[in-house]
Amino acid sequence: MAESPVNDAPFRLIDDVEFGEGVIVHPFTNIYGCSIGDESRIGPFVEIQAGARIGARCKVQSHTFVCTGVEIGDDVFVGHGVVFINDKLPRSTNADGELQNEDDWTLLRTFVEDGASIGSGAVLLGGIRVGAGAMIGAGAVVTRDVEAGETVVGNPARAILQAERR
Amino acid sequence: MAESPVNDAPFRLIDDVEFGEGVIVHPFTNIYGCSIGDESRIGPFVEIQAGARIGARCKVQSHTFVCTGVEIGDDVFVGHGVVFINDKLPRSTNADGELQNEDDWTLLRTFVEDGASIGSGAVLLGGIRVGAGAMIGAGAVVTRDVEAGETVVGNPARAILQAERR
Amino acid sequence: MAESPVNDAPFRLIDDVEFGEGVIVHPFTNIYGCSIGDESRIGPFVEIQAGARIGARCKVQSHTFVCTGVEIGDDVFVGHGVVFINDKLPRSTNADGELQNEDDWTLLRTFVEDGASIGSGAVLLGGIRVGAGAMIGAGAVVTRDVEAGETVVGNPARAILQAERR
């Protein structure tokens, strides 16, 4: 456990984050209430919300959003501009016309297992499990579980054979 | 009418914005010349351009870009990493080889009616109307109007029956 | 050659950038080791990595990521939230379980020729050539070369006739 990232950088907001050893956090980052494992690296323009967990030796690249309810294993690559989701039917207000709060929706948890890679620009709906070593193609919109070792591409994302990898 | 957001946060650029009561604006935001209605919330890494109008009790989530020409009603949810567009054939320079300016293109206006929800990662082409209560799926690329109450998904976005909601 | 952008703005990180004359760089930008030609404009929340080259009179709009290995010609429009990629099979760690470094992957170079336009939300896989004057539709996921003057849309991106332009 470390008190802070090992690097210094301007324009960071870091609040109540549990850091492993040797974590690097780039500038223009907004991370709070989450945990980040040993030697992981967080890119610029990234937000990581409370309760999210990121394992060791991960790369979370620029412009990516990791929400509450996401658990990422070790050795995972998360590309640039990736968006996680934790709500099935997001609405701004509840049936009474009041702003939704935590009581008005069900948190969908997403799990990304060890060694998976999520291509840049991918969108992952909530409540999904991405198996170990799986690869999500750039720009894919993932609407259901991805098997370990599987590669998926497209909108909605579908599995492809390794030979078709583009 | 309020003079400013009700919260304080670092790394914000707020210039000539008309605020309703109780607006929250998160850090790392660049908003100018727009209006934001009562109790709406603007997430981090968001830009809202001049002339855009956002109603009351909306959520505009992180990494989203709202351009000139966009009018958003009340109680609208705009997810993370959503991109609005206001130009049909964007070019950097005009036929004379000079940088385009406001005389070189036609502003396409987009309207999002009350209670609609725009999923994270969605892209909305310019000149579109999203009807009241419509739902745009995560990662959808919306190329034409969406009817009130309709749900659309995919690239290009197509309507689905409620039963197919994924 | 200029020493700096012609404008001043807060919240910028500019390190070792080769500027042409009259370049404008907006706030919330992270640019390093790259070159930017005369009169080009760089939007907010943009990262441009070392070795990237951007020509003259380009617009690189907000929330866009330009990686190492990307060369952009003159008069190119790059929309909002565009993501370039330079790695075919990104992984966080190598076969030895160590964080990947520059020896563990092959840099794929991408070329965008003069006068091309890249729509907002597009994702461009690495190793691609976008021909002069080509237009990439908003939200397209470009997986192979685009011919000069061609318009492509969709995921994966396919050519459309001009008459079909949406």
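Each chain gets a letter, A, B and C, in the order it is written, and its residues are counted from 1.
We take it that a contact is a pair of C-beta atoms (placed from the backbone, for glycine too) under 8 Å apart; a residue touches a chain by one contact, two chains touch by 3 or more.
In this text, all values refer to a predicted model and were calculated from it rather than measured experimentally.
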Point to revise | Classification of the chain A:chain B interface as same or different, half of numbers criterion | key: different
Revision key, fill the gap. The assertion on chain B/chain C checks that the Cα superposition rotation, as a multiple of 5 degrees, is 120
Check your understanding: Can you give the whole-Å distance between the Cα centres of chain A and chain B?
Key -> 23
Revision key, fill the gap. Contacts with two or more other chains occur in chain B at residues 11, 28, 45, 63, 81, 121, 155
Point to revise | Touch list for chain C against partner chain A, complex | key: 11, 13, 28, 30, 45, 47, 63, 65, 67, 81, 83, 85, 89-93, 97-99, 121, 123, 125, 141, 143-144, 155-156
Review point. What part of chain A is in contact with chain C in the complex they form?
Key: 10-11, 26-28, 39, 41, 44-45, 57-59, 62-63, 75-77, 79-81, 115, 117, 119-121, 135, 137-139, 153-155, 165-166
